[in-house]
Each structure stands twice: as C-alpha cells, then as structure tokens.
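Chains here go by letter, A, B, C and D, matching the order in which they are written, and residues are numbered from 1 within each.
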Amino acid sequence: MNKIKLGILGGGGDSLIGVLHRVASNMYDRYEITGGVFNPNYDENISFAKKIGVNTGRVYDDFDTFIEEETKIPIEDRIEVVSVLTPNFLHFPMAKKLLENGFHVICEKPLTTSYNEALELESLQKQHEAIFAVTYTYTGYPMVRHMKHMIAKGELGEIQKVDVQYYQGWINPVIHDPEVRKTVWRLDPKKAGISSCIGDIGTHAFQMTEYLTGMEVKSILSDLNMLYDDNSLDLDGTVLIRFSKTVKGVIRASQIATGEENGLTVAIYGKKGAFKWEQENPNILYHITDDKPKSIIKPGHAFVSDVANDGTKLPGGHPEGIFDAMGNIYKGVAKALRSENAFDGEYPNMNDGVRGMLFIEKVVESNKNGNVWVHLDNQ
Amino acid sequence: MNKIKLGILGGGGDSLIGVLHRVASNMYDRYEITGGVFNPNYDENISFAKKIGVNTGRVYDDFDTFIEEETKIPIEDRIEVVSVLTPNFLHFPMAKKLLENGFHVICEKPLTTSYNEALELESLQKQHEAIFAVTYTYTGYPMVRHMKHMIAKGELGEIQKVDVQYYQGWINPVIHDPEVRKTVWRLDPKKAGISSCIGDIGTHAFQMTEYLTGMEVKSILSDLNMLYDDNSLDLDGTVLIRFSKTVKGVIRASQIATGEENGLTVAIYGKKGAFKWEQENPNILYHITDDKPKSIIKPGHAFVSDVANDGTKLPGGHPEGIFDAMGNIYKGVAKALRSENAFDGEYPNMNDGVRGMLFIEKVVESNKNGNVWVHLDNQ
Amino acid sequence: MNKIKLGILGGGGDSLIGVLHRVASNMYDRYEITGGVFNPNYDENISFAKKIGVNTGRVYDDFDTFIEEETKIPIEDRIEVVSVLTPNFLHFPMAKKLLENGFHVICEKPLTTSYNEALELESLQKQHEAIFAVTYTYTGYPMVRHMKHMIAKGELGEIQKVDVQYYQGWINPVIHDPEVRKTVWRLDPKKAGISSCIGDIGTHAFQMTEYLTGMEVKSILSDLNMLYDDNSLDLDGTVLIRFSKTVKGVIRASQIATGEENGLTVAIYGKKGAFKWEQENPNILYHITDDKPKSIIKPGHAFVSDVANDGTKLPGGHPEGIFDAMGNIYKGVAKALRSENAFDGEYPNMNDGVRGMLFIEKVVESNKNGNVWVHLDNQ
Amino acid sequence: MNKIKLGILGGGGDSLIGVLHRVASNMYDRYEITGGVFNPNYDENISFAKKIGVNTGRVYDDFDTFIEEETKIPIEDRIEVVSVLTPNFLHFPMAKKLLENGFHVICEKPLTTSYNEALELESLQKQHEAIFAVTYTYTGYPMVRHMKHMIAKGELGEIQKVDVQYYQGWINPVIHDPEVRKTVWRLDPKKAGISSCIGDIGTHAFQMTEYLTGMEVKSILSDLNMLYDDNSLDLDGTVLIRFSKTVKGVIRASQIATGEENGLTVAIYGKKGAFKWEQENPNILYHITDDKPKSIIKPGHAFVSDVANDGTKLPGGHPEGIFDAMGNIYKGVAKALRSENAFDGEYPNMNDGVRGMLFIEKVVESNKNGNVWVHLDNQ
C-alpha cells in the first residue's frame, strides 16, 4: 500500500510536540513526511528538514507558499493530510485555508481560540468532506479505547455518575510572586484566550467524558479560582455537569494542585459496574462491580477488545515505553558511532553479551553437577 | 549532522522485534534505514522494504550479497552499522562476517549460541575496534539508567545483597500436554541451545545485575526445573550468586510462573539504602533507607540524573507510552484516509474540537454569572 | 492508675458498632465496661452482658433506670462516661439526659437528627463542662493525625485547594427496583432525616476537611441526585466549598458509585506541597511537592510526628490489622477448646512449631556443609 | 456460653507482644484473662495486673507457684489455656510443665530452641491430648486463610513453584560497627540459638509455605551470609526448597535488606493460576491466571470463602486497622477525662458534631434552592 503523504506545519527546533507527531506518524509505517513549514525562519526550516530527513524540495518559505505550491502538484503526488502544530491562535486560519484547498487536517488542541471559529471550521469540514482529527492524545491509549468500547457494548449498564479529574501543579512555583506571574504566557488573555486551566486541561477532561460515555453533556455549573486579583484567568476549577436530570458528574481541573504531575483520572459508574483509569499508569484499567473481585485489565491479551489490541504492538507485560528504552539504546550507539560523549552504560556492549553466554553455560553446569558452586571467570 | 546509515538483517513480515528496532532508530532523528535483508524470500523482502519506505536499491537478495555489494560502495556512503534481528543461530555467523568487513553491529540477544562463539566475536570486535551493542532492551529505561548512575555515585553505599527476578508464565499453557510441548521451539535443544528459561530471560536478569551494580558475579550455584522427564531444557531456575564471600544475591527466573506476564524486578540493597524497580511499571523507582520515608523517583524532574533525563523526551507525568497513544490516533486517521474499516472513536474528530471550545466558553460564563447552570447546546 | 468506668447504650446482639467500641475501649487498658443497656429487651440485655463478660449488676432495664440507678451510686464508683450506640434518633434525647445528669459522653455520629438539636447539646455540654466525643472514627488513624499535625505546623504552607471524596456503591444493588428501594431505611425520611448520602458519609468528608485543615468552611453550593422521582433523599452529591474567596475545594460523596467499597480519600494542596491519603490503605500517606520525589510516609518511624506514633502500637511494617490476625488465631483456639467445628488451619499447631525448629537446624546444616542438599524428614 | 479462662505468662511492662495477645483474646468475647505471671518481679507483676484489670488473686509469684496453685483449683474454675509470652529459652520448660499438668497452651514462636525439644513437646502434647497453638500470627489474616482454603480446593491446580520472601532491614543500622554489633542479642548464640535471620523470620516464611500449600518440604539447600568474620549467626539467607523432584521453590530471608520493614511476601504458582500476597498490605490477594484479567480479592464479600469471612468483622472497604483508629479516639477521651496532656484533635468533639449537622442542612438547602451558594455560619 502506498504511504500517506503527510505535511507538517510547526514542530521544528526543540518542539516536543513535533517529536511526538513524527514518532507517532512513523509507528505503523503508514505515513511519509513529504514536506511542510517547520519554522518561521527559512534557514532554520531547511536545516531542521535536513536533520529529520525530509526532502527539502517540499519544505516551503511560509504557509501561503505551502498552499500555493502544493496545490500545483498533481493530486496523486500532493500532500494529503497536514498536521498543524503551530501556536494556538494559528490553528484557525491555517486549518481554514487547508480545508478550503482540499487538504485533510490533523490539528493540535485546542481547535481554535473561540467557539465561533470552531463552528466555522466544522461547517467547512462538512462542505469539503474532509478528514479532520483533533489530537486529544489520551484517547489513543489502548485501555481508553477498550473502556469506550466496553461502555458502548453495555458492560457498565446505564451510566449514573461520571467523575473526571485533571490535576497539575506546574503553575504553583510561578504563581505566588506578582512579578513572576506576569510573565507566564498561559495567564495572558491575549495569548491564552479566555481561560487557562479549563482551556488547557479541563477540555481534555471534558472530551474524555463525552468520548468514553458516548453521551453529550447538557448543562454545566462552574466555580473557577484565579487566586489573585491581578490575575484574570482561572488556575483551578470545578465543573458540575449534567447529562440529564438524573445522570450527573463532576469535572475537576487544577494547575495549583501542588506536586501533581499530569493527573488525569477517570471514573465512570453505571448500574452494572464501573471503570477507573489513570493517565499516569495508562496500561491498567480497573473494572469494579457490586459482586465480583476488582479486576485489572491490561493490554495485549485475548480477553481485551479488538479496538484495544489493534493499538497494542507488543505482548502483555511490555509497557509501551519499551520503545523508548530501545530508542535510548540506539541513541547510545549513535553517540558512540559519532564519538560523542556518552554516559557509562548507554548501550549494552560486547562484554554484556559475552558474560551472558558464560552465565547460561555455568548455570547449566552447576545444575548438572548436583547444584554445586561454579566459578564465572572470563577466560 | 548527517544521519547514520543503518542496515537491518531480519525483522520483516510481522516481526515485532522489527517494529521495535525501526521505531527506536527513528526516535532521535539520528538514523536512516539505508538497506538490508528483511526476509529470506526476495519478493517479500522487496515488498516489505516498500511498505516501510526503504529504498529498494540497497535491499539485497541475501546476507552474502549484502556484504559483497555494500563493501563496494565508497566508505562515506556505505552502511555504517547493521542491526542483526535474525534467529539466534544466525547471530554468530552474521556478526562475525560483519565485523570482518568493517561494519559496526547492533545485535539482538542472546549474542550467540555458545560462550566460545561469544569469545570469538569479542576478539574480532577488539581487533576491528568496532562499536558492538547487544540489545538488552531493559537497560534503556530512564529509571534503570538513573539507578545505575546513583549506585556508581555511592548512593547506596557498599552493596550487600542483590535480588533479581524474571518471572513469566507463558509456557504454562503449552507445557503440560506431552504432544503440545514437543512442538515448542524454545524447548528444542537444536533450536534453543542448552537452556530455555535461563537462556532467554535469566540472562536479562544476570545482565541487569552486573549492569546496575558495576560488579562481576564470581560464582554461582543453580537449581533448574525441567518439570517432565521428556523435556530436557529448563523452564524455571533459581541461581545463588556471589560477588564475594559476603556480598551475595539470588537470580530467580521462570516460564512456569502461571499468570505472570513479564515480571522482571530488581532489588539492590546497600549499607546506605536500596533501590527497587519493576519492568512492568518502568517509570517508578523506589528508594528506601533506614531512616527516611520511602521515596518514589520518576523521570523528567530536575532531581533525576542527567543520564536518565537524557533518555526522557517528555515532562514528568507523561508515561513514555504516550507516543503509542499518539501513534494510534495517526493510525486512525490513516484508516479514515484510506477508507478502511475503523473502530468508533479511532481518532478524535472535528466534533470533539468544537465541543471543547463550547465547553471552555460556557465554563467561563457560568463562573462569571455567579456559578449558575448554563446549557451546552451546539448551535 | 484506676480505670475509667464506661457505660454503653446499645451495641448488643450482632451489632458491629458494638464490637468496634468494645475492642477499641480495651486497646490501651484504660477503660472497664461497668454497665449499660445493650438491648431494649431485658433478657437479651442480660444474656449479652454475660456473653461479653460485664457484671450484670449494673446492666439496667432501660435508659431511664440507668440514669436513676447510676446517679444513686457514689461519684467515685459511678459510671463516668457513656458510649451512645443507639439508632440515630435516640442520640439526642439520650445525650441530653446524660449531660444533664453529669455524665461525659462518647456519641456515634451523626450527633443528632437536626442542627437545632445539635446546638442544644452543645449548649448543655458547655454548661456542664462535659467531655463529649463524636466518633468520626477515621480521624483516629495515625496517618490522619500526622497529616493534621504537619499541616498545623505549616508543612504545606497556605492551603489553596481541598478535595475530599467519599464514594460507596452499596445502594446500587437495591436502588433500581421500585419495590426494593421502598424498603431501605436509609431512604425513609422518617428514619434517616433529611439526607441519605450527605448525612451518612458526606459528613465524614466534611468533618475530615475541617479537621485536617484547621479551617472552617464558609459557604457551600450543592448538587444532589435522587435518581428516581419516588425517592426523596440524596444518593449522590457534589458540594463546592469555600474557605475564603480564593481558597476553595470540593466534597464528593456517593452511594451509587457502583463497586466502590468505602472510598474516602483526601487531597490537600498548599503552596509548599500536598498530602494525599486513602482510607482503604490507611497506613500510607503521600507527600508531594514541586521539586522533590514523592514520599511515602508510614507509621512507626522516628520521622513521624509524636501524635501519630502515640497511636501506633507496633513497629513499622506491621499493619494495624495484625491485631485481627492474632484475634483470629485466638478464635481458632477457642473453637478447638470448645470442640466446635473449626476450619482447617484455623490456628497454627504443634506440628507447625516442630517443623519450624527442624527447618532452622537443617538450614544451618546445609550452609555449614558447603551448601548441599539436606532432607527434612521428621524423626 | 461461658468464657474460656486464659492465663498469661510474660507480656508485662511495655511488652508489645503482651498488648497483641490481650487485644486479640478479647476480640470475639470468648476469653477472660483469669490470672498469670506477667513479670518476674512480684510487685511489678501485681501492679501490671491491676493496670490491665486482672483479678490479682490469681496473679502468682512465679511460674512454679502458678502451676501449684492453679492445679488445686477445681477443674471447672481452673485456667484452661495458658499463653506463653516469655523469652524464647523459657518456652520449652514452661510449655512442658503446662502440658504435664493438663493445661492447653498458646505459645509464641519459635516453639523451642532446638528441634529435639520441639519433638519432646510434640510427644507430650499427643500423650495429654492437649490443644497447642504456636502463634505464627500471619496465618490469621483473612486473605491468607482464603488462599489456603482455595488452594486446598484446587483453585490453582497442581502447585509447580513457590516463592516466599521475608525481607527486613532492621539489623543494617547496627551491624556495621564491630562494637555495636557485639551488643545485639539476636546475634548472641547463647540467647538466639543457632540462627538469627532464619530462626526469627525464615521460619515464618517456611511455615507459610507449608501452611498454604498443604505440602511438606522434603529437602533444602541453603546459603547464609554472616557478613563479618566476628559474627557467627546468619543475617541473610536463601534456601532452595523441594517438595518433590519437579515441585520446587525458594525461601529468601534477610535482616540486611536495608529499608525493608516487614516484607513478607508469598507467590504460589500452580498449573491453573497463582496467588500473590504481601503482609504489608494484608487485605489484598492477587489471583492471576493464563487467560483472565488479574483479580484483586478483598475480605468481607460474598465471593470470599467462609473461612476468610469468619475472620472478618467489618464490611468490605474497612481495613482491619479501623479498630485501632477507634482505639485511638477512646485513648483521646481517656486523656481528657484524666486531664492529661492531649494532642490537638485527639478525639472529634462536640463542635465536630454540630458542624456536621449544619453541613447536612445547608447542603440540602443549597440543592433545593437550585444549587446556589449558602453560608455555613454557626448561629
């Protein structure tokens, strides 16, 4: 099957989100990064493209040139889908123009800076029948997908309560000094829009709520905390939610939950049972009921739904992070090949391999001779 | 910086180890897969190369051709390092010939099928001054590297006890029926060598022991279990180990620990404290001492050593598996673009984005109006 | 020191709360159960007194007789403090009369059935200078006390957010059938008062909030769920709380959180750090901060505050439940002594002791002889 | 039913084991402490008896007097069973004389100081048909009993591997200084016998192994560590065990596992599944299999065996330690009644009760009025 031609806007330099999208697009051998505009500065743009191995012929000066030049290319060679990784305020104009010119879009969240812009994009998307993804990344975890699938199948019965939390503490160290907090872009309405905490992480909690239950929240009541009079954006908020008169829930989000890292947690209670999940331990899904022992569901097993196993590349017991472990070994080898400073033990070397073979032989020898001590001297 | 030219032997078709090495090599933008021999069958080899986007010009008929052709290429364009992902018995002949022809090598474990072969490779490697990695993958986890680093710095004081476990249960369903167990290649000495359990996973435990402590095991005493008379290879073993007369430990490995997935655990006790770590929860490192509360060390923080943070791509609280979550979203989009059957919710779509913007605006409105209920109707 | 003379009202028959108060009163050798009224039925009352080993001379017909007779006894021999374990609606009249007659009181929660009654009791207590405890049991856990103490000492800095949850699922199996839910006394306003969920467990969460922070909640906003029109009492509720304009929190309580057992959890975030605690794992207190590894505080260590260690009877690592473990062994022996049906292994017996001595001797022998196999045959 | 008359030898003063046995004997209202010898010193003995509320008429000068006087009492009034809580070397002579005089015995572990003494006691016990318990306390946990019961019922199928660990670190702070280690009684062969680590905790692990599996260990091979030449007793040991040629296991015990508290853990693997349990979290039992999600079994549920629920006094979700929580509240009240220094918040008081009632009323009011803010001012 021919690969999908992917364009990327933004994500250059040290961008973490850029790394995340590139590694992700590569994971199932289905995309090739065909071109894009990684940086506003053309030279940096080109040198970044070289660094990541993208053909510079389709790395463009700016977004307008991208549209102009790509649309000249015959449809079968043209970039099909574009990942928008630029600052939030650029999501709307870029996504809009991409849709108008027939591209499919993968857009980082938040989709836009206002609801009206979002509606405009939605209307364009329908008109152009485009594929449009908003990267609420946490929905990609196998156990989240299993949860959604099982809820849809009725495993929990009718839902009767939803509790979703997203607690972080990162703003605590910079919020209490008036001079410091002035400098935080997240707290500047011009850059962050009308909300800090809810806009950044509350939306994840909200999307997860609707994504998992398959139900729409009908009304909400919120209480936000700005903590200081000279700060106009929320740092913390509790939102009461109602799906109907008798199906309720609560979304709790905070950036001043001191010491919390990325504490997105989900608890969904139905008449027949409940699921509980925590983003910081994403391979574990708890299933509890009235009358059976709590069970711990993990990916990679036959008892897990296809939708989850389709997103699981390794057998049970291998946390997904094992890709990173192997990636770090490859990095260690790269440093050695390029004579860069490496940490001690950055990749397991020949001696590790040799000792391993010695170990196997001596273990078998000790056992064969009646469980006696044997020495492990390298020759 | 120009990328490292990587060749790959094996890892074609549905090979999981192939996926793992490809994703890993891509993670830090330092390698390009230049060529290789992915499958013994030439047609499959070529179609696999196309699938993963490798230039077929340097995909060869077989290993001998690979060596012959690559060595004709000028040194600056030649493949520099080759990943050997073939069945175990091929590791030795391939690695040997690669070293003899001036290639660097990344070799899957076990290094060879005997200690003597391993010694021969080691001698060749020294002679050719080659970089040679053996992919004991678990050493790549940031918390394993932090552990090694802190032990070397003396955080635990003198080591006085080491306990490493590697328990799996995968062989339990196939071991009890005489007809079934005959068919397991791991239990065939011709294919698996002199050991099953110790050779496959005991070596990981052993390597971890020496890797983390920086000490060499001097002698061992083992007790292996073959469970049935008609089975000649070990399924389970306990190995007493000694670093010196008073520094001892134990390595425990099993393939009949029913229900265990990939239970590699490490506990290292020194005079000043101990570290405990579990592969199935790899982002957590426990540090315990005589007189302070137990502490939980996680990657991505300033208090973690450089060697660990160098292998951590995201801020604290984001499990490494988030790459997979994003990868699954990209796969969902790919299915949509190719009109393949997709699961419901395989990527978050426009509506998720629109609802998110609505949510933010309504939350701010409810709060501003004195914490009252507001409706969340899409226009 | 002479023991405190304790009277008990209620708690007879199979009452669990009775067991809890009796075992608790005995734990530090400071009380003796001198008399009381355990059951409304006199014969049962007396036979229960005999069963638990209370002198029947001061077991009375009813509460009025209790007051009449005890007040005739010279003050130095009179019951000093009375535990009120009767149904909720009796708490007020009994506590009132006890206070009026000069007794100290230990009263189960809820204190009364209305706020006005509670105020009346408070006024009486002040007038009589009585000791009056309300048994919010969870405040007795050593780690809860440590938390309170450390917060008072400023360990967390100024508090900026409080999140307390009390989720149970017990009402789920009996709520969905209209005929069944009619029979649940907790849902009958005549027996349960104006609230089910908040009255029963929300109050625990509220008390914990004020107990731990040392601050008073100033205002609240609640959303309750009755689930069915023919049910008038709350089964679930979220309560927004404010200590001040910028110090906020949320209390969440539910009896329809299907599958939850007794999920009281606490998270208190201050400028300098946070504490997190869960009732179902009460020996663990998490302390998190901006810049240090998460630490796990457990009782019985020198680094724990005196107030916590004063309530810890055993060294670190022995969960408090070990009393129950030993209690079960004593019960096993009692069954044997009374020739009752016992479960196999209900107490460890002579053979266990004998085998233990054999094991020790053989272990030492194997080691002394150079780590060889020795047999473990009983003589 | 009349209570069992219990005598106690030892356990006076600040003895923790004394507290444990007294509280335990009281838990099910089946024993009364009738007399004993708590201390070698008569005055202390009597004053201790008064403190714990035991009739001093049957508190004796010494053990010989105890035997002499009790045996004069008519059989129906005589002490029936005696708990032996004295130093280890006294277990044998006391238990022996008790058996010879017709008493039943509850004896602390280790049973004796040598296997021969143990055999002598066993023979006496059989001759006198006495009830004799050795208090391996950990067998009293409900989840341990459930495990034993389910294994006996075949839940795990044939056992194929057993792994029991007992790691402590308490000796680490006192072992490395030659002057300090001389003073540790556990390391003095005259006081501790032939073994320190195995004798003290290895025996628990061994007993648990046989108790749970219902099988006898047939042979063992051990490796002990004394760490220093001037120390003759083991501080750490690994013991290979065999139930049969193909059913094996390992017992690991240590007192130099720095930072470990009381780390008794059990893993038992059978053909059909496995159980895993940890003493420091005793209410949790993990059940794992080849093909179902891991399940977490907790006490107090209908799905748990009778033998476990018979030893569980409270509903699911209440950790057994709740007795201690209530005990601490009673202690706080006792301090108040005796005008002793108390910690702040040592018992929840009238104000907690009053605030609770206010909270309930205001929550209901806020909800009724449409989820609005209401104030919580005490009148």
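As a convention for this text, a residue touches a chain if its C-beta (ideal position, glycine included) is under 8 Å from a C-beta of that chain, and two chains touch if they have at least 3 such contacts.
It should be emphasised that the depicted structure is a prediction, and the values quoted were computed from it without experimental measurement.
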Revision key, fill the gap. Larger contact count among A-D and B-D belongs to B-D
Exercise for review: Sort the other chains by how far their Cα centres are from that of chain C and give me the top one.
Suggested key: B
Review point. At what distance in angstrom does the C-alpha mean of chain B lie from that of chain A?
Key: 21
Review point. How many angstrom lie between the CA centroids of chain A and chain D, rounded to a whole number?
Key: 48
Exercise for review: Return the distance between the CA-based centres of chain B and chain D, expressed in whole Å.
Suggested key: 43
**Study point:** Touching two or more other chains - residues of chain B
**Key:** 221, 223, 240, 260, 291, 294, 298, 371-373
Check your understanding: If you look only at chain C, which of its residues touch chain B in the complex?
Key -> 221, 240, 287, 291-298, 301-303, 371
**Study point:** In the complex with chain B, residue positions of chain D that touch it
**Key:** 156, 160-161, 163, 167, 169, 172-173, 176, 221, 223, 225-228, 236, 238, 240, 246, 248, 250, 252, 254, 256-260, 267, 269-274, 288-291, 294, 370-371, 373
